[in-house]
Amino acid sequence: MSTPSPAPAVSPTPTVSVTPARANWWHSSRNRTLLLIGILVLGVVFLFGGDGWVSVLDATMVWAIAALGLNVLSGYAGQISLGIAFFMGIGAYTAGWLGGGPPLFPGDPNGLGLSFLIWLPASGIVAALIGALVGPTALRLKGFYLGIVTLALVFIGQYLFLNLRSVTGGAQGRSNFPTPGFGDFSFASPTTVLGVDLTINQWYFLLLLPLLVIAAIFVGNVARTRVGRAWRAVRDNEVAASIMGVNLFVAKMGAFILSSFLAGIAGALYASLSGIATPGTWNLLLSVQLIAAILIGGAASVWGSILGAAFVFALPIALDSLQLLPQSASSTGLSSGDLSAILYGLLIIVFLLYEPAGVIGLIYRLRTTTQRFEARRKGGDPATQTMTPSDNESQLDVEPVDRAERTDMPQAPN
Amino acid sequence: MSTSSSSQTPILSVRGITVRFAGLTALSEVSFDVLPGELFAIIGPNGAGKTSLFNVLSRVYRPVAGQVSFEGRDLLRLRTDQIARAGIARTFQNLGQFPHTTVLDYLLLGRHSRMKSGIFRGGLYLGAAATEERENRAYCHRLLALLGLDRFQDRPLGSLPFGVQKRADLARALAAQPRLLLLDEPVAGMGLEESQDLAAVMLDIREQLGITQILVEHDMAMVMGIADRVLVLDFGRAIAQGVPAKVQANPEVIKAYLGEEFTEKTPAGGEVRADTNG
Amino acid sequence: MLVVRELEVMYQGVIAAVRGVSLEVPEQSVVALLGANGAGKSTILRAISGLLRGQGGRITHGAVEYDGQPITTFDAARIVRLGIAQVLEGRRLFGALTVEDNLRAGAFAARDNAATRRAYGRVMELFPVLRDRRKSMAGYLSGGEQQMLAIGRALMASPKLLLLDEPSLGLAPVMVQHIGKIISEISAGGTAVLLVEQNAQMALTHATHGYVLETGQVVLDQPAADLLRDESVRTFYLGLHEEGGRANFATLRQRRPERRWAL
Amino acid sequence: MTTFIQLVFSGLALGCDYALIALGFTIIFKASEVINFAQGEFLLVGTFVVSVAMFTWRLGFFPALVIGIGVTSLIGVLFERVVLRRMIGRPPFNIIMVTIGLDVLLLTGVIILVGGRNPSSPVPFDTLSGFSIGGVEFGANAIASIVVTALVCLGLYIFLRYTRYGLAMRATAIDQEAARAMGIKISTVYALAWGISGAIATIGGIFLAAGAGNPSFDVTLGQSALVAFPAIILGGLDSIPGAVVGGIAIGLIYVLTQGYESGGFLGANFHLIAPYLVMILVLMIRPHGLFGTRKVERV
């Protein structure tokens, strides 16, 4: 075999062509297109889909914020965590304590009744602070050990939520979580605007969509710049990353804190939306579902987090609504809940086996395939078009990213 | 380039470094100086301790004894990640640690210690953070063009031929604008043309950028061809150091590489400096 | 007995570790495979023994034949049963197991107890030290003892061909000589040896034939005695040679593409 | 004092169940570096099959046990062969998740078959039988679980120490490539590990199901196996004696805290987190557990 000569002869004075630096998540045309399509679809459902579907979208957007948080820690920074449910719980109870009103039921703890502008950020900040507190201990550990310590965090959380009755309401739960609003206006009351009757769910939608977009753009920007690069380097090889100047502690703690912050916000919104939470709400299953969401959607990808949340949380409801099977689980035989559980278990296995980059990787791969097909029809493979004839084509041919993977979390294109 | 007899102050000074793992001595009392702008090579048979020495210099291993000073600073007091900021960059012997990282991102990762923005500023991507990102991208583009890597910039490392990956790794180390560059087997596994090409880059770096380079390499033809001075390790000990021609003729070195019998046919070593014990 | 034809090996689909190597190991011979680190020697041994798979490596071209039978596609277990045993570089003992358990593991592929007993007797004959240390953990042996155990473990499969990777690595000169003698004894006992070595002197003293490898290609192929005399071996190891296909790097200082480093 | 002895005995019996569960994890981890999150559901499936065999098909305890062990081992071996083998070399996170996927499937499968009712606990002795000495109750099944755990440990020891495949498993756990060079088939070793692990899970499951004299069990049985995590961390993921010691220690901690927590300042359910707190404490001091080995990361 001939030795490939990868480096072209360098011209005496290199002509430096500087392609525009596209670091901003928003500046990628693909992201903008996807975002616009997304908003369009959402808009249609919002206006014509009926209240049930809007409520499904609302919940999905909350899960998507939580999934973004988990993706920061596990997808980008590569730290296995089963503890996201714990931080969601912290956020929820912080919101309840700061923003909650008088007890709705006997046994409900009192709330301070503070403004939405305080309790929502505070729920993220308190979760982040607790993340900063446990982080140094947890992040000393790696791989499975970290996973199991964060598993412990979920159980410790449930114990605390059960016993700190003055904030959580104990075993029977808390039902006076605050609803967002400004002054006299509340997102939780149906109102007519410009002749359109907006339901509570639609009002929540108008609040949650911008919040999700902000969170997505923020995470996307971090991921594309200095800190995000450091996270991925830490995920891929800690020693090599630190030799390149990445402070491992700072990088991991940053991811842990941002992740806890987003989880806290999501927890607060979830509690506000559903109006009740018991200690059992923040259980291991919740963490596992979120992990499934980012793996099915696409690890280390903003779109993956959002699509994954839709797959894991909205799909079962969509299946339910088709009413193919009895809903009840009290008799033997297949119920619709069982069907979605089976589907979800199978999806995890099938995606991890055949498309570790998740749904977003699948989309990306389809796009590359169609592009290649198009290009081949026009003559010439885009992957090799730019190569000089001396290049060894077979060696330079692009292998799909997900196939080359060996040592780390699959990374979907952003 | 002047050699060991120079009166220049060394940029890196290693004194009596000893490294042990579970009873096994990987390095024993190794001492040497590297002068500013020098292309210094470390050679030795398999298992002689070359990579261990590199791992001491980049603070991955902690020696049980000895000192290392870089530009007058005590290197052993720094954390691994502070080494980059102190002005030392290193290439890796094994590639494939970052298969999904694109070439451009890899170079930007190399500039990590030269950049500042944190989560908050990066996430908002306004003002200083955006400017910093743009400027650093532009810098990396120029470096890529210089090394003939610009057309690979958006390709994940894992999809590139070995030689290009090696070159990208060197570019990543250079992106940190180091004053000392540690090259861990830069041409291992490469063909002749690729090796020569990279050797030429090393000479350019030395002459035009004035960056001091320390090189661990098995390709003797290359080492002897381009290095200013050579340190030979065997069983964790420094058995010789000096200019290539003298080291090649040193009987200790020949013995270490070829075994006893070959030594007899070698002309006397002349004035080779052979510090057997540090 | 063993014929390797135009072997090409790629790692991870991108790194060409071996680029068209052909070599032969006749019955009962000792063949030395020399070359610097990274030249592809260990890769060739792994390609023969079927251990490439699981290391991310793949034979992309060429063939390995053993007693006239192509074995390129066979898995490692089948190749061991055919009579080819490999001693990996760095000994790779089961450190937490006793010497005896290491030897038992070596006999895993052996077909009958009688053969295992014979092999055990032979190993004890070759390495009497191991008898005294039967019950010790392999990890606590000295470097030389570990190398003997590694060789002994491979011999427990009663191989007809032994692939030996860097047996002198990290050993003191006296021990290197001893291992050299053992290699001669093994081949005298009817087992051919394909020996990968950095210590050219030791290898060529005991070998019948030698190949010198450079960046995955055979550059010298001669009877061992000739190689031992040949100056070119020396030059390969010490980078002295200026001809023979390898261009002189020293001239790079004068002749190299001009490039202006303006950043 | 009577309470204390009673609690220690119950803790020991429970600890033996945990030890069996932990052994199942450890055997798989040692052979293939996979943490099997579905281990709890192996327990559930095994116990469910034994229960069906005993109470629906009216088989005796031992034939039923053999069927249960057969089914769980088969699921383990199939999963290894069909799924895990293709995941070799993938990141640990993905491997954990694949086993979680299996966990969901197994759990749902049992839920569909069980429906609303709880299956009876399939134990060799009547759940209430036993004897008492000086006010301390010694349940027959609790004694059986201690005896059986001891026998399983002994059997495992003999298998690993004296048989050809036991040696192959130990060798593979230390150095996979060197083992392959000896002609050991790694796939056989993996299949063996999953088979043994499934068998042990079934045995652990039936005793855990009977627990403190429960006549029936529900589908959350698998979840209670999560307590084996602190046990294996305590013992070190890759140590077989560590798994046994860790399991017994966690059983004792669990039962003793449960026995003494009522009315205390620690609040409700402290026993659920006590094992985890002990685990975290151990990890703070020894990040690789009490008996585990440290891995070196390389550049």
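First chain written, first letter: the chains are A, B, C and D, and each begins at residue 1.
Definition applied: a contact is a pair of C-beta atoms (placed from the backbone, for glycine too) under 8 Å apart; a residue touches a chain by one contact, two chains touch by 3 or more.
These figures come from a predicted structure and were not determined experimentally.
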Note to self: Based on mean C-alpha positions, I'd like to know which chain lies farthest from chain B.
What the structure shows: D
Next item on the list: Check C-D against A-D and say which one is joined by more contacting C-beta pairs.
Entry: A-D
Checklist line | Whole-Å gap between the CA centroids of chain C and chain D | finding: 44
Notebook entry, point to check: If you average the CA atoms of chain A and of chain D, how far apart do the two points sit, in angstrom?
Noted result: 33
Item checked: Where chain A and chain B are represented by their mean Cα positions, the distance between them in whole Å -> 40
Next item on the list: Indicate the whole-number Å distance between the mean C-alpha point of chain B and the mean C-alpha point of chain D.
Entry: 50
Next item on the list: Mind pulling the residue numbers of chain D that touch at least two other chains?
Entry: 298-299
Item checked: In chain B, residues with contacts to at least two other chains -> 60, 92, 96-97, 142, 146, 158, 160-161, 191-192
Next item on the list: Could you check chain A for residues that touch two or more other chains and list them?
Entry: 10, 14, 237, 239-240, 243, 395, 399, 404-408, 410
Next item on the list: Could you please specify the touching residues of chain B with respect to chain A in the complex?
Entry: 58, 60, 79-85, 89-90, 92, 96-101, 105, 108-110, 112-113, 115-119, 122-125, 129-130, 132-134, 137-138, 141-142, 145-151, 153, 155-156, 158-161, 163-164, 167, 172, 176, 191-194, 197
Notebook entry, point to check: Mind pulling up the chain C residues that touch chain D in the complex?
Noted result: 49, 51, 54-55, 75-77, 79-81, 85-88, 92-97, 101, 104-106, 108-109, 153-154, 157
Note to self: For a test of understanding, state which residues of chain D touch chain C in their complex under the given definition.
What the structure shows: 164, 167-168, 170-171, 174-186
Next item on the list: Could you please specify the touching residues of chain C with respect to chain B in the complex?
Entry: 12, 14-17, 36-38, 166, 169-170, 173, 176, 198-202, 205, 215, 228, 233-234, 236-241, 245-253, 256-257, 259-263
Next item on the list: Note which residues of chain A are touching chain B in the complex, please.
Entry: 3-8, 10, 14-19, 21, 23-25, 218-219, 221-222, 225-230, 232-233, 236-237, 239-240, 242-248, 254, 257-258, 386-387, 392, 395-396, 398-399, 401, 404-408, 410-411
